[in-house]
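Each remark here refers to the structure printed beneath this line.
Labels for the chains are A, B, C and D, by order of writing; each one numbers its residues from 1.
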Amino acid sequence: MSSRFIITLSCPDRPGIVAALSHVLAENGFNITESQQYSDLESGQFFMRVACEGAAAKDRLSAELNPLAAGFDMHLAIHEADKKQRMLILLSKFDHCLIDLIYRQQSGSINMDIAAIASNHETGRHWAEGAGLAYHGLGQKQDKADNEARLNALIDEAQIDLIVLARYMQILTPQFVARHEARIINIHHSFLPSFKGAEPYSQAHKRGVKIIGATAHFVTADLDEGPIIAQGTEPVRHDMSVADLVDVGRDTERRTLARAVSLYAERRGFINGTKTVIFD
Amino acid sequence: MSSRFIITLSCPDRPGIVAALSHVLAENGFNITESQQYSDLESGQFFMRVACEGAAAKDRLSAELNPLAAGFDMHLAIHEADKKQRMLILLSKFDHCLIDLIYRQQSGSINMDIAAIASNHETGRHWAEGAGLAYHGLGQKQDKADNEARLNALIDEAQIDLIVLARYMQILTPQFVARHEARIINIHHSFLPSFKGAEPYSQAHKRGVKIIGATAHFVTADLDEGPIIAQGTEPVRHDMSVADLVDVGRDTERRTLARAVSLYAERRGFINGTKTVIFD
Amino acid sequence: MSSRFIITLSCPDRPGIVAALSHVLAENGFNITESQQYSDLESGQFFMRVACEGAAAKDRLSAELNPLAAGFDMHLAIHEADKKQRMLILLSKFDHCLIDLIYRQQSGSINMDIAAIASNHETGRHWAEGAGLAYHGLGQKQDKADNEARLNALIDEAQIDLIVLARYMQILTPQFVARHEARIINIHHSFLPSFKGAEPYSQAHKRGVKIIGATAHFVTADLDEGPIIAQGTEPVRHDMSVADLVDVGRDTERRTLARAVSLYAERRGFINGTKTVIFD
Amino acid sequence: MSSRFIITLSCPDRPGIVAALSHVLAENGFNITESQQYSDLESGQFFMRVACEGAAAKDRLSAELNPLAAGFDMHLAIHEADKKQRMLILLSKFDHCLIDLIYRQQSGSINMDIAAIASNHETGRHWAEGAGLAYHGLGQKQDKADNEARLNALIDEAQIDLIVLARYMQILTPQFVARHEARIINIHHSFLPSFKGAEPYSQAHKRGVKIIGATAHFVTADLDEGPIIAQGTEPVRHDMSVADLVDVGRDTERRTLARAVSLYAERRGFINGTKTVIFD
């Protein structure tokens, strides 16, 4: 009986990493089915993602790889490819990204479970509950401390792997962000770094750009400055109003966010300082 | 014997403009072959481009349209569709946009003549002279006053309609820009307003964006703030160096600039405050 | 009190059409807010779409335009811009286009009502009923005559303007198609004319193309040969299975179909023989 | 002193290939800088591209890898990364792809040398000679045997690695194609398999498609059926003539061909039966 694993690792670059890893895998009867690597000349960091399959259990594989990880000073993780991660979706008023994530999850396009949904608005409830998903109401801005306490409890209880800000318009505290480092993804409704901050479509309309965009990024303490995972763009015309840009933008947002979530689900995104490495 | 004209106009919006114009054209035996209009609700300005053909000469048509233009407080211009405008191309070291404009002009893709080329570098001379085009050497930054004086003389003498900054890396004086208002187009090697200023590809690389772009805009006294005519984007990957971005960007730059020049050649671009109206 | 109308017309091309139409509109106090025209040199047909607003009622405008239409041998129609058309959605097993149309209708992105949904499968029922929309079950292939009779009754009763085949996998009879000429839109899951017929994603996978696509077209008696309204494409890679292509393709299909339906809703698509004229 | 190599291999898939290869490389002091692999479930073939650097010479590396290649029944090739391959460009009347390849070669965008150019038309001579490149005149269709004999002599003498059909409108004989198996790339001016054969832009215009494309493929005895390397698409409108499609298409053709040639230059394209594996 065979198991499929995805191994992700990063470490200071030096010769012999691939040979050492593939040697351990071969010795333990694993076949490598997909492998990608990147060596960042600036940071000196090496990144690798390996998909493999073999008969050994995760514990055994882990025990075999531990010495290697120690020797190369690696951050190494072994993921069971068939075990779905669990997602918490946060949103405010706009529900287009929520609906899209629900559909993609149901159709198998995103290989992850939606464990819970939480929002400070009721617009998404109908779609969530129609899909049989729990919808948790949150308080408004003044209730931030309470909201985040409730979210933390929910995240722990529901064993959440990824928090998706699917047009969640409240700013998270640095404490919350730090607690969930590298596992919060936000969709920003502009082509960052253009039009940071509030109302990017109004800003874009005012500037008269001919293309608008959306940016999915990991959330860090620096607002709109987190490592970018995916971006999308769409042409616009002079005769479009702000409302038209919002309408066109919805499509770009939901596709860009879905792509970022899908990359995360398949362990294809790595944080590399203020940037990302994406193996797709 | 029939002539083809392109009529461009802008004026404060009010009812009856289209009817009045089409009435004059019909009375004078003109057939409208293409017509586009836009009413900007914010500025209250109306913009129109009409292609027509008929037997009357330009003077006659002009005389017939003058009362209309006066009555509606119009900026109205009548262009002979078959008379090519004349372009001056300025560049510095990078010659990819120059080569592309030469090729597109020769292949008939851009309906405009290249009347002259000027540069503070010699890299483009070979391609220009190979195409039989005059190549004027300019001085370096310290010679700005002299350079612009020579350019002005060249522009007057060669009867230039459009000045194309095809990666010309010197900043023009406000006086020069003012003298050639609405007829200087620049290609900026970023997706504005992202990465204004120097070395946008280095900035983009540092930020870790997943898409880069280029922006063609009318030049105004405000650097990188002129009305945007066209933009283009292209995806990039984490493993691309700054040099790779420059390489990918060359393609986007030359296509975006060519599109802007082609729109200008066909009188399809209108300045509307800090933005443009593009009838394509 | 002002009304907004969209006038669509086609007729043999000859001088004076625009002037005559804009004269009538101006005489009746109408302001033209948008106008597009196209003269097909091959067929000699002229097409025009005019958006206008004014105080006169539709009957009055119609009476004023009738002599014009007769004089120029026009097909002319006057549409109330604020009156939504009514759509019937047909689907089989795959529900991604249905869900997308429901969402776009609800968010105001498509300016049309969904009057009814019918299907020979149950997969879409859940989403339809969740959105409060009637879902009519149809029989299978052997029941075609009965199915079409029921559809015709439904179409008449629900006053359907547009029939959208949102991945409806049954072939309609020539009689049904003829009865609803120029008001059936299909989404074909390939970039036509590539991969006509069954299982286009399997065909695309077998051929090893690097881009897949989708095509929205008016339905005619000639399968997969109807006038094309919109097409979309998306890059694919060698390591994608047929199932991966299906997954990527869902996105392209729903966007392409939504675009076609939106163009129809705004009266921007004209049939010109075996092709279309699209004023967007 | 370090050398950079690119190793390409294909063989029947089975466990241990990556481990064995990386072991040999590590034993010989090579560092793997880039690695990609693909296992085709249908054909059972395994494909791999590895970039590595180390102190050993090519002969030594080759001797070390030979037993491995024999053991796994591999097609294995070792390429010196810094040694440029040599390209022969064939064209007929249209010179846009030629000019683009010359520019990209000169700017370093394509890492390959243009060793020679041959054509049955004179249009490209001016650009070729301006770039200091030999331009060989060929006879017309009736001289096919003589043309191919001359081409074979030129290919041998100039040590050509890749033959690029940059809009070469003559059909090559099966003998010529067989002699240069897997090293002839053609640009077809349509989005294959749509519009095979002659005049694809006319076919596309007649069908009324909304997107046109270009296809770069390896040339095989089956015309327009060779393994596809790269495709590109561009939107078009109803008001474009065949000449307009040709104009838009030139851009798509030259970009698509340049991409295919660049992939070849970097050993990123593998033939897999009637398809390709592209590691980019």
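Basically, a contact is a pair of C-beta atoms (placed from the backbone, for glycine too) under 8 Å apart; a residue touches a chain by one contact, two chains touch by 3 or more.
Predicted, not measured: the structure shown is a model, and the values here were computed from it.
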| item | value |
| --- | --- |
| A-B or B-D - the one linked by more C-beta pairs in contact | A-B |
| Subunit C against subunit B, contact positions shared by both copies (same if over half, else different) | same |
| Chain centre separation in whole Å, for subunit D relative to subunit B (CA means) | 36 |
| For subunit A paired with subunit B, centre-to-centre distance based on mean C-alpha positions, whole Å | 41 |
| Contacts with 2+ other chains: residues of subunit C | none |
| Interfacial residue positions of subunit B with respect to subunit A in the complex | 38, 191-195, 207-211, 213, 227-233, 237-239, 241, 272, 274-278 |
| Residue ranges of subunit A touching subunit C (in the complex, touch as defined) | 96, 99, 103, 107-109, 126-127, 130, 247, 250-251, 255 |
| Contacting residues of subunit C [partner subunit B, same complex] | 14-16, 18-20, 22-23, 25-26, 29-37, 39 |
